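Shared chain: chain A. Partners: chain B in the first complex, chain C in the second.
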Partner chain A sequence: MKKGKVFVLALLVMVMIVPSLWAQGAQEAGTDGKVVVKTMAYGDNSNQEGVNWVRIVNSFEKENPDIDIDYEMLYDEAYHQKVVARLAAGDVPDLAYMGADARWGLPWKEAGQQFDHTEFLDPDYYDLNLIPPMDMNGEIYEIPLGTSNITTVLFMNTRLMDELGLSAPETYEDMVAMVPVARKAGIEVLTIDGADGWAWGSCLMSAVVARMSGDPQWVSKAVAGEYSFDDKVMIDSLSFLNRMVDDGVLLEKSVLVDYGANVSNYNNEKALFMVQGQWVAGGIENPEVANATKMIAWPTLPGEKPGLEGSVAAAIQVGYGLTKQGASDPEVRDAALKFLRYFFSHAETTQRLRDGAIVAPILKDFEVPSDLPSIVKEKVALAQRAPNTDVIDAFLSGDANEALNTGMQKIVSGQSTPEEVAMQVESLVQR
Partner chain B sequence: MKKRDIQALPTYLILVAPALLIYLFVVAYPIGYSVWLSFTDFNPNKGGQWDWVGTLQYSTMFKDPNFWHALKNNLIVVAVSVFGQIPIGFILAYILYRKKVKAVHFFQTFVFLPQFLSTIVIGILWKRLFQADGPISRIIQIVSKDPQAQFELMLYADTVMIPIAFALIWVYTGMYMTIFLANLQKIDDHLIEAAKIDGATESQIFLKVIVPLLAGTILVSSILAIAGSLRGFDLIFSITTQGLQRNNAMVLPIFMYQSAFQNYTNEMRFAYGAAISNIIVVISLILIGISRLVGKKTDY
Partner chain C sequence: MEKNTSKHIIGRTVAYIVFISWTLITILPIFWMAYSSFKSNEELTRNIYAFPYELFHNEDDVYEIIAPQLNVTPDYDTETDTRERMIIESTSISPGRRLMVHFLVKEDLPQEILSRDIGDTLTLSELPKQMRREISRKTMLFNYTSAIQRGGLAQKFLNSLIYAGVSTFLINALSLMVAFALSKMQFKKLSLIVGGLIGFGYLLSVNSVIIPLFLMLSKMGLTDTHIGIILVYTAFGLPLAVLLDTQFISGIPGSLVESARIDGASTWRVIVSIIVPMAIPVTVTVSIITALGIWNEFLLVLVLASSEFTKSLPVGVFSFSSLTSTQLGWQLAALMVATAPAMIVYFIFQRRLTEGVVGGAIKG
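== the complex of A and B ==
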């Protein structure tokens, strides 16, 4: 082939490749002049959290044309998967939905991306007394959406209870007494999303083990080595699951009910009580059920130690925080903090409260509107009266947490004993 | 090398270079990186420090009962693919090719339809079928006249792969049917006519004429099925719920994902995940090698 032809060919290749590179460059330069805040948001287009996020970002960008909140929004497991993948790939967002505990904070901690916001939080705007310290030296790694997140709530349908001539249970035995009445009416006493392993730990066992031990910090102390997961307290707590099944309070088929079906069961009045966290309040879309719902702590359990009556398990609520990488650039940091203040405005916080997404705000001088939906008032009342205990997966993670959650599913479906599960968890805890 | 070839070399390199570069960066580099990673304790979130740990990740993996459980499930998926999807796809294609049913195009579209749906959507649909008081449980309740009866196969490690096998067959059989149908349509009709004239029955035509002619297609389909089965993640992940069901139905890619991305207590989890993914590749190569060997032995 002649040199001329080779040259023409090379030129052709260049002509084909260069424009595509140039186009890519042009795409990146499309945000020229703007401060881009790479963000990982939480929600999806079908839930209130996601819809509100999109609306807030759009209105913020309209008011601040020099800032681009370049977000990726994911929900549930997809969010957790993507966080790990992005951090491992070095694609660290500047701002992200995050927590500070074992479930929501570990990936950020391991990647060294937790950033202490303390000196950047305006004490006249945020009520710093309502934001708990998240590490040894009082660091604040994220601005929580609200005050502590109650995970072990019993949602009680008072309308159904009244119809069946039942009243709020004071003891577990009161719930057992409801079984024949509920069955006669063709409904269940309790619905739980037992097909999701985490629900057993977060929404049920966290309350049970604290009550059985009488120690609100039993879980964190067990993880630290002060107690053992195969102690009698844990075995008794796990045995309580068997008792619930034997008594008919909990059905074996619970292990086949997922999160959506659980909420649907309660919305459709197929159960007197639903076990879940406070965040589900916003998901009770049947207005009759929502208005008739009372949010209560578990009644007194058999074998419960005195001192924690009416307690609920609660963890620091997740929220949004800057990463170390985002905070390293003052322009990005300031833009992100400006956005966060907008995101946590009184109006948006009130909306979040109305939507049932938070228990109570963390803003200074926040006036709680008097016309809140009844279920939101229920939530605030529960938070005010119930003592708090540890949430298991805020402290226990990895294989040990997985073994505990699946172990509880096996106990309920008759495949394992409490002793076997307790021993397996203890063998997997890394201290 | 001839002078003419030497002169053509620059052109050759210019034409090959883009594809080669893409291949090296997108395919070869990750494979090499994964192999290297599996012999270290490297964790990208730990500041780039790493040590050579030899075969530690592999020995840990072989001692892990979850690995053997996942491998067993994976081999079940391979078996369902090779001995379920392919024969059923072949038979359906033959029925359509020989016009043994009316409305050929309707059935063809019907069987192929799942291919148009997102795997995640399919997984969620099947999950709904299997849930408490879901459609399958309702049927069981009606048949058994027990209102408490439930479809419980998803709860047990020994039975979870049965419903999943049904889902796998439903999803992928259409693809193999289409492959076989396309190849059947290339067969010269005169061969079948000649066999008929010679007095061959329908089953003899199928076994003695059609199957030998499509031996190559069967082999290619088997390779596709094996490779697809071993890397299959999305359907099983979405058909199961987090916890007991997913652990019961764990296949190697899910085991790899959970080990590498969820078990924070293992600081070497990324290297461990790399070791698992390398083993998936090795097993794939072995199975594909076996299928090629079988293919050669049965070559007509």
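== the complex of A and C ==
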């Protein structure tokens, strides 16, 4: 009898569990008859991107019960690694967060999964003049979240500056002159997340090398072979890091500061300036600091060639795009495009603008709300006034980019020279 | 005699110091985690060791009246409940992030509050008693409700149960059968080779095979399925289980198996009626090691599971922390949800587990 009971119990458990074991992802019961759009989303449960994604998907599915957005949401390196793994395994999503450059677009390009959206984008809805061509024949592989993504921003705390009797720097020497004043007040001039290799390349060197060369496309031309990464321009640009450390503008220990600590330093008024990209604007949580922040381009640098004063490095912003596989099934393609239209609705785009996630929308006849937070207005103003230059990791990828990023960390911490780093990068560039 | 007594005292003192220290090292982090899961993110950032205060002492919390926005998600069914609402957001807990938001039914509010505009503030104590009590309760449980709802922890909890339960069952069943064959059947040379191969499997690290494993499962259509993940867990758990079971079963007198054979028992009958009941101590040991390992496992499930339907608790815990933002309070609450079942199982079956571990360790 006892054995019989155990047997019945075991049978019940098996009956309950076994069907779910074979169910794949969200294609379990409940998605029958629905068009499933397999999606790779970017974000997590703690950041605005992730929270908004979940909200948008939920409300879209509620309004479109015949469509299931079956997403996997990952963030940062976990996302990049999973993209590579899924593409290698042939487990290609239909829709994904992607870009068109070396960092965000390369895996999709190498897997032959980039899909040209041009003929599917309604020119009355999207402002096609604001979506730049992403390949030689003007292809559009993704719908960017916004217009150009400025990566080399100096966030300046005007309240601290005023308190210390300082004014916005016009030249690098002005920043050097701030060092003793800031030190006396127990703070630093500059905070940068030097522990993140990409920050050196994307948020600092991209601006420096353009200014030193006087050529806004110096990086892309170097990758194409027109210039060399061990040219004097690059060595001078890398040497500028040494100079910043020697002048006290940049601390050696910057290489220990990660992204969160960098933003926290700025939020807690431990530095006059923060080096980062435009996307951080929405992450400055201290309202007093956010309201007192001015977003500026780097001041005139020593050795800078004329013509690019006040320039910032900017890349095509990442966004969401269909893959070739997703587009191959008309039903999935139409469902994904419908979702994208919802995702890029005027209301959602306004919210994204308000949250500080984008610089400016790519929608036609978009009316910018007059009550935007001051830091968002700052961002729009910077985008309107600053000329754009190349972002390094939009063109340089793989080992060469890695060598440059870690090389800059080594230069700042005194373990390597600019010449060594420049030579190593040049030896690793694949042309 | 006196020398022996002083030696005894020193011995006991050292032993107590070691045991008490070990107990503190084990218990204090759990204690810290438990009380910190009731602290707001701001409190945790300010002082990581202080006891919770803000979420409990919330009667004077100040809220700002905000306008409806897309990123302010109603916590009620907007289709069935069409009553007008006033939206308020905490100025002390995640201010401006639209995370600590309440939707007050306007018809229940006093005129004095209704007359306030967007951007104005109010304190909790100004609200009607019922509303105050409700918001106060929500504030206290803020981390837990946020973690469970936003992290989808209910589904992940169920998945963790399925992975740990089914994999542990399969590991035990299969390892006992393999161990019986290796230790009691007459294939000494073959047993040596098979045992060696299985032992080699124990040396494989998850990290070194994760990508080929993912590719293989993808080809078989088993990624993002419960069964795929269970099979992988079972494969990784088997080597240690087989080693422990083999060691234990080889200690069971061969005469018992022979007697059963003489009585006409088949191999299956011998395993079910003699080996399984006698191997309960080692089975308990294997179950604890395996189930706890799978319950806490992160990397495999992160890579092999793509959708919310197949992810397990550790992935849910991880999702509250990223490069750009960390919700420490939510993460600690999620950790408590993930840790509590293991602790409850341990407290309930403490004696049985200890007996099992000791039996598994000694009797083999």
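In the analysis below, the second predicted complex is superposed on the first by the 401 of 431 C-alpha atoms of A that agree within 3 Å, B and C clash if a C-alpha of one lies under 4 Å from a C-alpha of the other, contacts with A are read in each partner's own complex, and residues count from 1 in each chain.
The rule we apply is simple: a residue touches a chain if its C-beta (ideal position, glycine included) is under 8 Å from a C-beta of that chain, and two chains touch if they have at least 3 such contacts.
All of these numbers come straight from a predicted model, not from anything done at the bench.
Peer 1: Following superposition onto chain A, is the placement of chain B relative to chain C best described as a clash or a fit?
Peer 2: After superposition on chain A, chain B vs chain C: clash.
Peer 1: Go through the superposed model and pick first if A:214 touches only chain B, second if only chain C, both, or neither.
Peer 2: In the superposition, A:214 touches no partner, neither chain B nor chain C.
Peer 1: Who does A:287 touch here: chain B (first), chain C (second), both, or neither?
Peer 2: Only chain C; A:287 stays clear of chain B.
Peer 1: In the overlaid three-chain picture, which partner chain does A:430 touch, first (chain B) or second (chain C), both, or neither?
Peer 2: It touches chain B, and chain C stays clear.
Peer 1: First (chain B), second (chain C), both or neither: which does A:123 touch?
Peer 2: neither
Peer 1: After lining up the shared chain so the two structures overlap, which partner does A:90 touch, if you call chain B first and chain C second: first, second, both or neither?
Peer 2: The answer is both, since A:90 touches chain B and chain C.
Peer 1: Considering only touches as defined above, state whether A:46 meets chain B (first), chain C (second), both or neither.
Peer 2: second
Peer 1: Among the options 62-70, 98-106, 116-124 or 206-214, identify the stretch of chain B whose C-alpha atoms clash with chain C after superposing on A.
Peer 2: 98-106
Peer 1: Please identify the positions on chain A that touch both chain B and chain C, taking each partner from its own complex.
Peer 2: 17, 85, 88-90, 196, 258
Peer 1: Using the touch definition from the top, list the residues of chain C that touch chain A in their complex.
Peer 2: It comes out as residues 69-71, 73, 95-97, 150-151, 162, 166, 211, 214-215, 218-219, 221, 223-227, 230, 302-303, 306-310, 319-327, 330-331.
Peer 1: Mind listing the chain B positions that touch chain A in their complex?
Peer 2: Touch list, chain B to chain A: 7-8, 10-11, 14-15, 18, 43-47, 127, 130-134, 137, 148, 150-152, 154-156, 241-245, 247, 257-258, 261-266, 270.
Peer 1: Using the touch definition from the top, list the residues of chain A that touch chain C in their complex.
Peer 2: 17, 20-26, 28, 44-48, 50-52, 54-55, 70-73, 75-76, 78, 82, 85-86, 88-91, 196, 258-260, 263, 283, 285, 287, 347-348, 350-351, 354-355
Peer 1: With touch defined as at the start, can you tell me which chain A residues reach chain B in the complex?
Peer 2: 1, 5-6, 9-10, 13, 17, 77, 80-81, 84-85, 87-90, 102, 106-107, 110-112, 195-198, 200, 252-258, 261, 397-400, 402, 405-406, 409-410, 413, 415, 428, 430
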